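Each structure below is given as structure tokens.
The two complexes that follow have chain A in common; it is paired with chain B in the first and with chain C in the second.
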Partner chain A sequence: MSLPGIPVAIRRRYGPVARIVTIACGVIIAASAYLPWAYGSDALDNVTYVGGPSFIQFIALGMGLVLPALVVCSIRWPAGFGRTRVGWIRGARALATGLLIIFVVIAGAISVQLGGTININYGAWVGLAAALIGFVATRFLVQEGAPTVNRLKTPGWLSILAIAVVMLVMLFVAYYALDQSNPGTFVTFIVYTGVGVAVLLRTGALGWLTAATGAHRRVMLLAAFLVAFLFPFTQGGSDANMSIAAQVLVFAATAMGLNIVVGLAGLLDLGYIAFLGSGAFVAAMLSGTAMATFDVHPPFIVTMLLSGCVAATLGLVIGSPTLRVSGDYLAIITLAFGEIFRLSMNNLDGSDGPDLTHGSRGISDTGDLNLFGFDFGATHTIAGIEIGRFANYYFILLIWLAIVILIFSRLNNSRIGRGWVAIREDEKAAEAMGVNVFGLKLLAFASGAFLAGVAGSIKAHVDISVTPDSYVFLQSSFLLAAVVLGGMGTVLGVLIGATLLQLMPEKLRFVNEYRLMFFGLLLVVMMRFRPEGIIASERRQLEFHDEDEELAERLDDNLGPSTGAVAVEGASR
Partner chain B sequence: MDRWVEMLEIKDLKVAYGRVRAVKGVSFTVEEGQIVCLLGTNGAGKTTTLKTISGLLRAESGEIWFDGRRIDAQPAHEIVGLGLAHSPEGRRIFPRLTVEDNLRLGAFARKDKAGIAKDLQRAYGLFPVLYERRAQPAGTFSGGEQQMLAIGRSLLSHPRLLMLDEPSMGLSPLMMQRIMTTIAELQQEGVTILLVEQNAQAALSLADYGYVLETGVITLENTGRALLSDERVRKAYLGED
Partner chain C sequence: MIVLQAMVDGLSLGALYALIAVGYTVVYGIIQLINFAHGEVFMVGAFGSMTVWLLVPGQQLGLWMLPIMLIGGMVASVAIALLMERVAYRPLRNSPRLAPLITAIGVSVFLQEFVRLFYGRIPGFPDAKANVTFPTIEGVTGTAIKLGGLDIDRPTIFTLAALIVCTVFLYLFVNKSRIGRAMQATSQDPDTARLMGINVDRIIMIAFAVGAVLAAIAGTAQGMMNTNINFKMGFIAGLKAFSAAVLGGIGNIWGALVGGLVIGVLESLATQVMPHGSAWKDVWAFVVLILILVFRPQGLLGARVVDRA
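What follows is the complex of A and B.
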């Protein structure tokens, strides 16, 4: 985020004062957690007590205390440990900005939920004021050079420990966020999470974490999968959250397929939902229920593959004439294809032509899956914990998502992946290098479609019914947004993007009518401040910030000390 | 060098962009082990000729023979696989990819891992600066370094014939000298080279044979040394009156 900076000379002069002010503000924010924030108990998770912080207040307390800690560390270790730099002041600035946003959100949430700013109690005002002063004060602190902690050598056990901690935190975040029925608490919690990640990023801790966990990739992936697998057991038999979680997984698996097309090969597909839809319809037609339009009921594994193949065939049919032309045409044609799909599904109702889909009513009963004698419709009890219908589907979706991620990363790191990136970067040069441009584009299109088709076949059973209206352009744009917001070409980014975009509407029912407005605003803000998405692949980052000195410096750092880095470091003393 | 074998033969090549014909019936040959230079001003059709040979453009008529095989109907990615590499005009490296990724893309048409690794070492040996900065994005390089990368990249397809389109463009005299030396080294290693240049002095002193292309037709051909002393060439391309 680039805001106009304050001249270094002024910063040097007022730096020491700003430090003291920042420390004080952090302490005041922490203390404000013990004061009442609202007059009514309905706002957030009841923040009306004196001396008894609620969970939301406790996090504010913790974050408030971290702020002085960062400033103190910056005095004690201006350049970090030895040659390794830690971005203490960067972190402090990010945290102060974050705290300001948090208190604005909290004040906003209290006002909305209780009806007016009058309901904000003095504790929240104190916190807001301290956050504002802290925000201004941190602008006067002299910044150090870009953090380089990611180059720190980390012992194996510490990396494993870090992985375990990260996983537990993620499990808790998912559990807590899903459990919130109060939209104010939900939003505040999400903002907290975002601020936490931003501080980790700016201090360089996230870089270290990435490097440390990257060294133990297998352990990391296994742990992540295990945690996700354990998630239904934290729900105590409740299926409400699991239904949302299952939808999130469908959405994420589909977005990951789109990520191949958009993120790797750089092809803009605006009708991707049609591939999900075609898979869902194939599965519904072959589901063997009274509503199914075909009298064949193959085993689900066959249906699944068939759904994928039908979607891939559609992809080839759309792709082969259009992938020869440049990007804009492809976008228009895929957009039209999405509409054609919806209209065809609406019209294949038997009035003229075959009755395949029962028209706009759709196939309203797909029945439950039954794999190897395991009935997905029934509630099972495992280790004393009830696992309901949606939890059953959650497990199969999780396995599918894992497969999709595996396929994605294998492709990404392969020769084919390199070819896709080359096409995205410079099609003509790629062709001169011997890259079969058309063939690879078609492969990206078809494999993306295949993955979506298979996801659709599972979705058909999760949703019970398949109607043309669930596969509309809006859904395509949401999928695309998940990829773009999360970070094109990355696995983690797209997972986060898909989760957020699917979770938000579920948890924020009150903004339902304004959903698209918020969504548009979010896109605009993101494109302004972080066009590479939440998680950036290194390549992408360079693409959007090729004039960013910090980034250039960091890349330079890979080669050893550079004069630029030394100069910045000197200025911070 | 007792017997020249024809490696590339162009017969009456005509290429058009829409209704504008850029190459109007060009014929020439490149023999194995030679450095052959195509000389000409802007718009003479040099780049178009190279693009057509490598399959990036389609010929209107005429024939292209490489290694006794007719290739004018083959797609670009297959032609690279035959051992004909093209280092395009303006270098066209992938600026956001690392040096190593750039080089590996040059080997895209190949699948022999051992051979690729060997050629990667060869490229690094030829241009040590590429090795030093192999993890860096190529866009941060100077023009000369980018040209080295472009040549290194085309070498990774292990070509028997390398087509270089204006490798000296925009380079300092020193860097240009470095590139020209490299081209001579490559010839020593047995790579046949088809060189397109505007810098006639440097190119012709290197070339075994040269052709002068003017507005889509070949107007002059001779050995490099003979062309260098040819009055017409000196007037038109070396700036002498």
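What follows is the complex of A and C.
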């Protein structure tokens, strides 16, 4: 985005030509969808036909047509509508950049999947060339000021309609992405989604959506929950994707707990997986199966609460040093606690200590849950659609995630949450203002740990077995990465971060070998260029100060992509 | 006798931790950054000396190979440390504390995976996905020397000798050389040091390099002690060395040396004396780390009062 720009004088001079070239390129890209892209049918979703675009090609067709549309709109309504400015050219530039990336990814996917660039057919070359020319041409266009679409007054019914459309699109994206067994198609589809979001952001449409849906928060949340609830019904009885989805939910619920500790209270925890693990071990020990080490088998609700309480107690223990230690040292202490947890679980095997966990073998065969006569291990048929074992767990995890999000947002908007944020921003000032610093820090650790512990108790049954190997430092750093990459202190960001981090390795089996390496690289690159995460938490400030016009103005400007650095300064310090 | 033997073993372990700990403490003393990925510098050092041994034809095992291997390890680890500083830490120097720590985790994972995946791809090199057998150099490995009923392993002698030599050089470097004095000045007050004409960026790079040199020696010593190396060796060793640095008082070079020896001896004693010691030794090490951080964060030699909000 911040490439050295072409001088405005030159842009003015060649602008009209550039517009025509851009329009032509968009049309050519759209037309290239009707040409064959590859010589072999194994690449992407079979892009070998003449005149019969595949789904991936259809999206390229659509995006290709949007490009001329944006340029035409910028000629027809250069100043937007009335006093509302629309980022036509901004969107066109983002789209052209995105199309170039898409065609590079497509060409790469074809050559990787079929073995060499020789397998790229002329259609893809035409598309790539058009995207490249379009990219260059859009650099010659003069872009308008920051879009102001988000200030548009929107009638209620339209907002709710927008929410419905967004939710349906999200359901479809999730359904389609999970359905892909071909990694090339999966990657291309994810890139398409990213480009789509970028174009919405640059034209200002995303700002409008945020404003419109923000006004109907409850409807939005309810709709999101409904869509997530409907998701298993799109799977047609297949449990393969539901197993991934269940893991995503466990991960997301745990990351949400970590979000309290790191995102709100600003306490770095590098051993957070221990809370999930302790919950899982407690549940496994009390599960009443042959491997269980306690001969007590309370109902699951009790086990669940007990798991949470054990984890919360551990959280208090780990949190207690915060009285004297903060910053990096606290991070190291939590890391040490995480290692102690792992080593202890390995050693409590009967030979080096009391037999609680069977050591590295772990507790297997934890059995399936049975709540109120509902057997989670069996397949049920609801409305003619089969709901398998993982789908059952998906539902209970979804309910738990909803509760976690509710707890998180209620805490966040309370006196406690404001206390946490105050501690995060400046501990000494917070203390001087009468915030109970130590108590609140302990509460952050305990409540975060409780949420993770309960998630762990469900995970023990989803996974069937609980072994210490699943609760190692690397998992803690994955959780931390989900929070940091998604956006510390936000709900949506952490959900996106958790989903991406859990979904990517499942769908990208071909890079499985390299995924940890890419993960390491991603952390470094992300910290360097966008440390505030995918969703910047500063947006939330607008909710608290919506009557403060000046702050709204400033934040509004800050939300522009080129001023990310300013947002960082305020957000994470 | 068991206790004495444990102390001897502990000293060699401790010398290893001490050599790594200097890397943490030097960097921390100058820019107050916990270089979380320093354990990986140690690991790269071990693989660097292994590489040099593999490159010299004929699988030489004479003692003359040792300095060549050490130099190879140092080149590798210094290069990695400098690259790390330039790419991952320097751009974040003025960002919130959380940022470099997360970057460090990223660098750490990246380096481990990079070695794991690509070391074996070089023709003629062993696969690094499992343990890699380290060459048994004559003189510094082999049968233990008996001394009045004590078994003194040969790598122990090498490690302790290396520690003593390094300590002397470090002392001379820090106190007598221009660069060493510039390092001290920067650590006391970077802004004033800059006004006095000290190139602070260069000093920071030198601090990373000094830590890397010692880590490479430790890596080679570890290879000879355990007779094998692997891509994960940096994590636990790094964590314990960090404990050592904190125990001695982070920022204080001599503290790191003392702290390393104390942690090593404690760990060795715990292994021998405590029930089921070998299974729980790492737990004791971490408990000690936590207790120090909570109750005496300034460490044994107390370099600076730690106030890290």
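As a working rule, the second predicted complex is superposed on the first by the 529 of 573 C-alpha atoms of A that agree within 3 Å, B and C clash if a C-alpha of one lies under 4 Å from a C-alpha of the other, contacts with A are read in each partner's own complex, and residues count from 1 in each chain.
Keep in mind that, in the parts below, contacts are C-beta pairs under 8 Å (C-beta built on N, C-alpha and C of every residue); 3 or more make two chains touch, one makes a residue touch a chain.
As the structure is a computational prediction, the values presented were derived from the model and not from experiment.
Once the two complexes are overlaid on the shared chain, A:295 sits clear of chain B and of chain C alike.
Legend: residue contacts after superposition of the two complexes on their common chain; A:431 is shown touching chain B, with no touch to chain C. Counting residues of chain A touched by each partner, chain B versus chain C, the larger count belongs to C. Shared-chain residue A:421: touches chain B; no touch with chain C. Of the two partner chains placed around the shared chain by superposition, chain C is the only one that A:527 touches, whereas chain B remains out of contact. Once both structures are placed on chain A, chain A residues 426, 428 are touched by chain B and, in the other complex, by chain C.
Taken in their complex, chain C has these residues touching chain A: 34, 87-88, 91-92, 95-103, 105-114, 117, 235, 239, 242, 246, 276, 279-280, 282-283, 286-287, 289-290, 293-295, 297, 306, 308-309. Looking at the complex, you find that chain A touches chain B at residues 415, 418-419, 421-422, 425-426, 428-437, 439, 539, 542-543, 546, 552, 555, 558-559.
Chain B meets chain A in the complex at residues 54, 56, 75-77, 79-81, 86-88, 92-97, 101, 104-106, 108-109, 111, 132-133, 135-137, 139-140, 153, 157.
Of all the residues in chain A, the ones that touch chain C in their complex are 266, 268, 270, 321, 324-329, 331-333, 335-337, 339-340, 343-344, 346-347, 351-353, 426-428, 473-474, 477, 480-481, 484, 513-514, 516-517, 519-524, 527-528, 531, 568, 572-573.
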